[in-house]
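Dropping the structures in below, format is structure tokens.
Here come two complexes built around chain A, the first alongside chain B, the second alongside chain C.
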Partner chain A sequence: MTVAASSPPSRLPLRGAEGVTAKRKARKVRERGDGALAALFIAPALLGFLVFLLWPTLRGIYLSFTRFNLLTPAKWVGLDNYIRMVHDPIFWDSLKVTVEYVVINIGVQTVSALVIAVLLQRLTQSAVLRGIVLAPYLMSNVVAGVVWLWMLDNQLGIGNEIIQSLGLDRVPFLADETWAIPTIALINVWRHVGYTALLLFAGLQAIPNDMYEAAKVDGASEWRMFWRITMPLLRPVLAVVLIMTVIGSFQVFDTVAVTTSGGPANATNVLQYYIYGSAFGRFQFGYASAMSVALLAVLSAITVIQYRITRAGQTDLG
Partner chain B sequence: MAAVATTTTVRRVRRRPSLGRALAWTVMAAIVLITLLPFYWILRTALSTNSALVAHPGDPLPVDLTGGGFARALGLQSTEEAIAQGGSGGGLAFWRYLLNSVIVSTLIAVCQVFFSSMAAYAFARLRWRGRDKVFGLFLAGLMVPAIFTLLPNFVLIKQLGLVDTLLGIALPTMFMTPFAVFFLRQFFMNVPREVEEAALLDGAGKVRVFFRVMLPMASTPILTLAVLTYITSWNDYFWPLLVSYSDSSRVLTVALAIFRAQTPQTGTDWSGLMAATLIAALPMLVLFGLFARRIVNSIGFTGIK
Partner chain C sequence: MRIRKVVALAGALTLSLLTGCAKGDSAGSSGNTVTYWLWDSSQLPAYQACAEGFEKQNPGLHVKITQMGWGDYWTKLTASFIAGTQPDVFTDHIQKFGQFADLDVLQPLDDLGINESDYQSGLASSWVGQDGHRYGSPKDWDTVALFYNKKMAHAAGLTAEELNSLSWNPKDGGTFEKAIAHLTIDKYGKRGDEPGFDKHHVKVYGLATGGAGDSDGQTQWSNFTASAGWTYTDKKRWGTKYQYDSKTFQSVITWYFGLVKKGYLAPFTAYSEGANPPNAQMGSGRAATAFDGAWMISTYDGLKGVKVSTAFTPVGPTGKRATMMNGLADSITKNARNKRGAKKWVKYLASNECQKTVGTYGIVFPATPEGTNAAVAAYKKKGIDVTAFTRPVADKKDFTTFSFPITDYAADVYALMHPAMQDVYANDAPVSGLGKTNDQINFILGQ
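Right after this comes the complex of A and B.
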């Protein structure tokens, strides 16, 4: 996302200056014919880009201004879908539920990932441990959802067996309106935290070890080094990772679909699930598109704001 | 673990075994336990019978050891037998779904990586008018969340008459992702120009240079990207859910969700469900076993996904 701006486009002119004349001539002859070849090389990807990315994006925005049930042609209705959306309490509820999910999911995940990454860096550089923490990421959301649904089952789940053996009351995790969203948020932390931790770990690798050694000589504790060295220098990486994970988090769907189907009583009716229901349950593709556009707008705004606040593009690592 | 800690202490004199380190190792151990427990619990449940699971919910070992769960998930049991053991008796064409998942993931991983590397080469090393503009457009595509294109893409796939086909599932991500193009372009830019020029002076064409020089030199990132793409496609649920309606195009993730929804009269068939979960996840675990080091080390590079 951000790396794009810093990629070196200035490389080509520089290169031309240092080439040997004969070589340059040879290259010039070749490069004159590049247009046709480039067209051939770029064609499949460009086709895919135009047909399955650019066109659907524009079409999604267009459909949000129409009434469309998939069977009859889309009919232009202006802002009707957006007006309906603003007055739809279920939409606002699902937005609220989604935000609640994102806050818990991102909060717990970021802190845990940071702890894991620092432990992997300062305690051990073991590749085996890195492999282990990544393992849940290889499962699909469906698998993760089904497994935790079983482990957190009210009657038979091992989770509640443990809770009961500690002398506490059983928790109806996914069947309870209050607990369902935090539970789903934590299930997804389980699946994604290792991946996030490895991203941060990669960022930590860029911090020179000398800094820690020097601080240690000065008698600094690990705790102090974390706040004075690790956090400031990791900030740009952390910022990019945060933007990525927040955007991903807002798109939660699979886990909800597999574990609660939006219930109990709409308690887990996250935005993407509501959009899905509107389109494929009630065939209101226009309205579903309008909500998708709203989600897209929210995500774009968050990206811009986070990018500004966290100065994601700049590094303190001279 | 303790052994590892001691060797480090010996090697690096300044690092004494302290309360802090012991605490840190305890946290690490707890993290590993939480990470791995669900995997063990899948296996433990899959090897138990449903009736024994009800009687001994907290037993850490498989209860009333059986292969019935696996037999049910693979559709090897007769309907009566399945119902007697707590299954729904509903059919599950497991091998069909496995084959579908393999076809879709292979199609996406191979085509996407190949087409993306062609485009990446054109962006990195060929000279043509409008190159930077088109590349900027591709980069802008990174900003569109995948989920936004699902609805309109479904409408398109339906118009193309490809609903409920494997091609319909694969098509949208078969040609490229902006990320793949961007990722591979970075690698091609770093291949020394001299290598390419030497081949050109030897009379090789640019097409030949691409296949004989550039692709082999970038084989490591290309393979890594292919493996990651394969895993992503294998685990995808939302898009196949929209496109496939019947067994002919159903992939494992969707089948697993359906299996979970088919609750028999007696309560969920946890044993069969966990067996099915394990079988669905197994190919990815094997793939991870083969490429673990490469995947783990590549996470830093591929981070911007």
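Right after this comes the complex of A and C.
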């Protein structure tokens, strides 16, 4: 930037062929200078990208075609891992459980976050409230999982003590196959909803206030303004938030590891947990890599579809 | 000037990333340090005392002990093998032995001169691999017994003698089932064997739950299956076929988890490894008895407001009592940095001298008979009677002891049996379904 500023094109003579050549030269000098500096700026991030993302991804794809236990050399087995995956009922069950989790988690989280964001925007400007909403997000997933595990314990948890004191039967939140996935999904909603709400809140701030004022003059209700102004104009932000949270939701792991370890009887054996168990429990890194590639493919497909359907790259503003 | 600063900063950042990626210091091993890992925090002071004794005898050598919890221990150990930062010596568990032997990460210990007769019977021989080499030196042992709440037993009119002479069978549960039925109390104060007992609203369960038991049922159902004459595999060690499809096994499992339907055994939903293990169920007064291992003696003894005693496992259809006897060992890693020092340390750990030192702490039973005696005396000093754990090892007439199943693919067996047993316990799945799981396991073993 300093280079560009030292030879601004406006100072060059702009008449005739000479002027054009000089202008081109200046641009060339500027581009070369910017390029080197840009490369330098990008270098740390690029290095991180190559070392921590691109190389592991490529290596993971390669390993998915091998039998590999980490300690002895990988053995090429072609499509064996993928054939096994297609015929593995536990894999399909894990995928089903994961989708069930994502639907509950994203459904409840997005609606709740939207409500919180709109309330924060329309009713209050309190930074304290915003802080409170964000508070659970500051806690680590593992700590949140352990605390909820204790609170919801069937015999000793305070949650069940309260339920029982109301004259109701105790609920085996994390130990019953019907309750376990919804419970884990809601624990993660509790932790992430504030953050999601804050992202949406930022999106709401970008909507010009005069639109609401104009609508008010026309006699529109809050409900009508929400559907006719807020939702359409929030769509690009909402779409990006959805894409990010869906990807994150599909990768649920830590809460499951801490609370149920995939049980009871695989009822919470989400895909990431199954992949982890196959790799680090059974040393089947080839098969685990194949399942990881499958998860990558599923997430890529979902992201592209979401992006297209929600027109995340376009805005209706202006 | 500004550009130079920016360039310098960017360069420094890139460099720090590069150096950050470089391999760091390994496990801190060097020529005169031996690194040693263990998972039990209560054993740490005892082994530190051993290390001091060792360092006195071997001037110049230093033992660096690292302790981490059971869950992290195995994850970190696995990662350390991969990263090349493994400890020189680590505490090994028989369930992991097969896998580590497969992965070829253990150092043979044949030259240590381990004499099997120096240790409690069966402990040393378990650590010999299929290739005939020794991979672990005996360290300690444990058995399983019945912990019971003394006050609750007294209120139920059950004496220590009665609790020590229980018997069971898979048909009607015998006197054992009668005892735990009598110890069970519903929220109206009715006992499990009284008319009008409400099995859906139990206040105190006769028997605590330790989960479904996975592939071994160590502190759950293993004493019943073994005293009914069943064994995990076709051979004592390195079996090639598991026997979860056996009628005997399945009849015992049906009876055992059937106790849930009667209201005597706490349901699966009451169990949580992290929040509500058996000792917590006993500590909170929600259970009157629990099968648990010798490594938990001090924990039960320290329960607040609950006085606990122990009884033998009940006599089974074979006419004998059975209890799993598990022994830990010390293993040296194949790529240990200080192999010479490691061998000296393991030899010292296996010696009577160190095992007696460990015994005096009264937290575990060391593998040598003298070490065991020191531990029994230390427990006695604390006012704890450990006969329920030690008699099964000494009295071969009335007791049978057995080991964890030692086979290849132990991790796969666990991965298949863990959800299958939970399905039987939590979801009331038919026990015959274990036959299919058994086929899958044996298919893997036959590969």
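Here is the rule we go by: the second predicted complex is superposed on the first by the 270 of 318 C-alpha atoms of A that agree within 3 Å, B and C clash if a C-alpha of one lies under 4 Å from a C-alpha of the other, contacts with A are read in each partner's own complex, and residues count from 1 in each chain.
Keep in mind that, in the parts below, contacts are C-beta pairs under 8 Å (C-beta built on N, C-alpha and C of every residue); 3 or more make two chains touch, one makes a residue touch a chain.
What you see is a predicted model, and the numbers here were worked out from it, not measured in a lab.
Student: Could you tell me if A:F41 is touching chain B, chain C, both of them or neither one (first, second, both, neither)?
Tutor: A:F41: touches chain B and chain C.
Student: Thinking of the overlay built on chain A, is A:V258 touched by chain B (first), by chain C (second), by both, or by neither?
Tutor: After superposition on chain A, A:V258 lies in contact with both partners, chain B and chain C.
Student: With the two complexes superposed on chain A, say which partner A:G78 touches: chain B (first), chain C (second), both, or neither.
Tutor: It touches nothing on chain B or chain C.
Student: With both complexes overlaid on chain A, does A:L70 touch chain B (first), chain C (second), both or neither?
Tutor: After superposing on A, A:L70 lies in contact with both chain B and chain C.
Student: In the overlay, answer first, second, both or neither for which of chain B and chain C A:D176 touches.
Tutor: In the superposed model, A:D176 contacts chain C only, not chain B.
Student: May I ask you to decide whether A:F283 touches chain B, chain C, both, or neither, giving the answer as first, second, both or neither?
Tutor: The answer is second: A:F283 touches chain C but not chain B.
Student: In the superposed arrangement, which partner chain does A:G219 touch: chain B (first), chain C (second), both, or neither?
Tutor: A:G219 sits against neither chain B nor chain C.
Student: Does the superposition put A:V133 against chain B (first), chain C (second), both, or neither?
Tutor: It touches chain B, and chain C stays clear.
Student: Counting only touches as set out at the top, which of chain B and chain C does A:W150 meet: first, second, both, neither?
Tutor: In the superposition, A:W150 contacts both chain B and chain C.
Student: For the three-chain arrangement built by superposition, which of chain B and chain C touches the greater number of chain A residues?
Tutor: Of chain B and chain C, B contacts more residues of chain A.
Student: Jot down the residues of chain A that show up as touching in both complexes, chain B in one and chain C in the other.
Tutor: Residues 2-3, 37, 41, 44, 47-48, 51, 70, 146, 149-150, 153, 155-157, 258, 280 of chain A touch both chain B and chain C.
Student: Enumerate the contact residues on chain C facing chain A in the complex.
Tutor: 2-3, 6-7, 10-11, 13-14, 17-18, 21, 75, 78, 81-82, 99, 103-105, 266, 268-276, 280-281, 284, 286, 411-412, 414-415, 418-420, 422-423, 425-427, 429
Student: Mind pulling up the chain A residues that touch chain C in the complex?
Tutor: Contacts found on chain A: 2-3, 37, 40-41, 43-44, 47-48, 51, 69-72, 146, 149-150, 153-157, 172, 174-177, 258-259, 261-266, 269, 277-278, 280-283.
Student: Which residues of chain A touch chain B in their complex?
Tutor: Those in contact with chain B are residues 1-4, 7-9, 11, 15, 23, 26-27, 30-31, 34-35, 37-39, 41-42, 44-49, 51-57, 59-60, 63, 70, 112, 115-116, 119, 122-124, 126-127, 129-136, 138-144, 146-151, 153, 155-158, 161-162, 165, 190, 194-195, 198-199, 201-203, 205, 216, 221-222, 240-241, 244, 247, 250-251, 253-254, 257-258, 272, 275-276, 279-280, 285, 288-289, 292, 295-296, 299-300, 303.
Student: With touch defined as at the start, can you tell me which chain B residues reach chain A in the complex?
Tutor: So the residues of chain B touching chain A come out as 4, 8, 14, 20-21, 24-25, 27-28, 31-32, 34-36, 38-39, 41-42, 45, 53-54, 57-58, 115-116, 118-119, 121-123, 126-129, 131-132, 134, 137-139, 141-149, 151-153, 155-156, 158, 171-176, 178, 181-182, 186, 189, 193, 197, 200-201, 206-207, 210, 231, 234-238, 241-242, 253, 256-257, 260, 268, 270, 273-274, 277, 280-281, 284-285, 287-288, 292-293, 295-297, 299-301, 303-305.
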